[in-house]
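This report refers to the structure that appears directly beneath it.
Each chain gets a letter, A, B and C, in the order it is written, and its residues are counted from 1.
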């Protein structure tokens, strides 16, 4: 068991689901007090209709996390089409503090040359795109979740040469698609405009099963997610060696402090990955874990990792 | 009134000639590799075939647009750069791009080349479209199939480039260029490999009761009763169950095709410059029938006559058609 | 994966086994000529087949007393009529009415549309079928008419009668 050299930072991605304001407050209070993460992304990324429920709490949450020594970044919407979405994106882009993570080209347009982070919805797949983004003021790039290890290595090396932070999601459901249509509303025979926020009842996504009863996907409003949680615990050593500077945990409706502890302990070399994996599986209950995308195969698969750190 | 160019699909040289002969103003196509979003087995053009196709189209006054609309994974960008260089050498009339790195390369290396922004870039707001226009000199945007006609009319007033909209064919549900559903089940990526439900992972099984099920990489996507119309085996057109739907339902969309033939006058009036027909993976027969019907319709409208649209339902997926988001935002 | 034509299908022609075998024998030289001629005139077809040049296709016209076996290997081209009960193991089976299959080969009909309407049935290796379809679709001339022309005026008359017969059939439906 070795301590990972050039230790990457642990980050907590934005909450993808429609958790109530109260649940969010409690969640971030615990993250501030207990979770060993370095940076936290806040903000509504999926559905502009949800934002009014919790954006009022944003200043206090930011202050709370800052007091706990955590860097805060606000993420912008992945889909920008309606007037209120364009306005929200423009407003965020005008802020000087905290940092912002842009998830739509409308945000890039509004931000101009001011420093910003590139979110996972921006499709920074390669070194040419990353170089372009760096020239426009990007300071940090979160790579697409489906990028395999070889491409991550090339992208990370290019980004590091340009002095950009490089981030990869190592835990939580993968975002597989977004749409203009709300599939939560559709499941309840409603339209997006008349959704009555049915998505609030599925705090970890609405499960879809095939007709032969196999769990396959999760619906989260306009977003479709993987059924499995990505778990790149055993791959963290290689990610760090390849130049990835930030590792992202996506908030799921499980004990996220416990999850962060497991990843932190492996990074610190105080827990071996076999034991950590068992621990993580225990925290995730019945949800399956996967690392297929990283290994260049079907995303839902779990590949055995031979070279462990 | 805009010119309302008709932009038609071609998966093979024969289909390209068919489209040109049926009245296409421009034909879009791709090479036989991951540089385009219809990288399907046995489809697309060799460089020699594309050269001949450009000559054929130009001789008949039609344009050829080259789709370079996928996202190169890091380490493989050269394949896309070479495809762009080749396209310039072969004399294609425009490139349809999505990736910023690819757009930046063409804009810098071939400043005279005309760039169209692919629907795979998912630019659905005036700001996003302006980003690509101002930075890469994009001359036309292909709009996602998620906007209503009043929204398109509004966008038109706020952007400095031409608008192209889909009018017929596969009805895309997910934001294009942001979908990894296929990769999640098969290990082949829509964005990086240009595939969607690749045939190599598709299997159809017939059951004793006459029903047929479609499977993708071993996952059952749908099961059609003996008399039920079928659709493509794509994840977003599958039937699933969920907590409050014990009976399987089309969680995203049923097998259905977009057909905007009745909305053509409104689209022209809204300032749409070009109409796109989806279907590079379809046969010559489809290309011939659809292009011919829309050529007639567009000519009628431009000459002030009521358009008489032939019934195109037989060619549609699930043999059902929709006007999708273009008609009403209730679709969302 | 290999497939066999299902028993249910072979049983559709009871008592016709002898006729079927005779028909296959009579047809064989003609089929060989047809397929060699297509291959000679459209060599680019094989490139689109890629690794599936050695795949075994069974084409099963449900309204004829026999099926056809195609292996589009440019070096050892094989196209033969086979009684259903003696059909070989196939990588893919394509099943539909004879005239529909003929029109698909000629791009008079759209394969996807025929599949959506369930008139065309595909089992086995889907990529093999997609490649064959795309390869044939890139042929500009009518394969059916080319073939009919091989047999002069009688050939063209047979094709015309087939097409009329099919049209009449459709009207009855």
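Quick note on the criterion: a residue touches a chain if its C-beta (ideal position, glycine included) is under 8 Å from a C-beta of that chain, and two chains touch if they have at least 3 such contacts.
Computed from a predicted structure; not experimentally measured.
Q: Name the shape of the chain contact graph, picking from line, ring, star, complete and other.
A: Topology of touching chains reads as a line.
Q: Could you find the chain whose CA centre sits the greatest distance from that of subunit C?
A: That would be chain A.
Q: Distance between subunit A and subunit B based on Cα centroids, please, to the nearest Å.
A: That gives a centre separation of 30 Å.
Q: How big is the gap, in whole Å, between where the Cα atoms of subunit A centre and where those of subunit C centre?
A: 52
Q: In angstrom, rounded to a whole number, how far apart do the mean CA points of subunit B and subunit C lie?
A: Result: the chain centres lie 31 Å from each other.
Q: Would you pull the subunit C residues touching subunit B in the complex into a rising list?
A: Listed in rising order, the residues of subunit C that touch subunit B are 6, 47-50, 104, 107-113, 115-118, 121-123, 126-127, 129-135, 137-140.
Q: Which of the residues in subunit B come into contact with subunit C in the complex?
A: Its residues touching subunit C are 11-15, 17, 40-43, 46, 198-200, 202-206, 212, 224, 227-232, 255, 281-286, 289, 314-319.
Q: What residues of subunit A sit close enough to touch subunit B in their complex?
A: 78-81, 85-86, 89-90, 104-106, 108-110, 121, 123, 125-133, 136, 144-148, 150-155, 158, 174-183, 186-188, 191-193, 202, 206-214, 216-217, 219, 224, 226, 292-293, 296-301
Q: Can you list the residues on subunit B that touch subunit A in the complex?
A: Against subunit A, subunit B makes touches at 71-77, 98-102, 104-105, 121, 123-128, 130-132, 134-135, 144, 146-147, 151, 173-175, 177-181, 183-187, 189, 191-192, 213, 217, 219-223, 235-236, 238-245, 248-249, 251-253, 325, 329-332.
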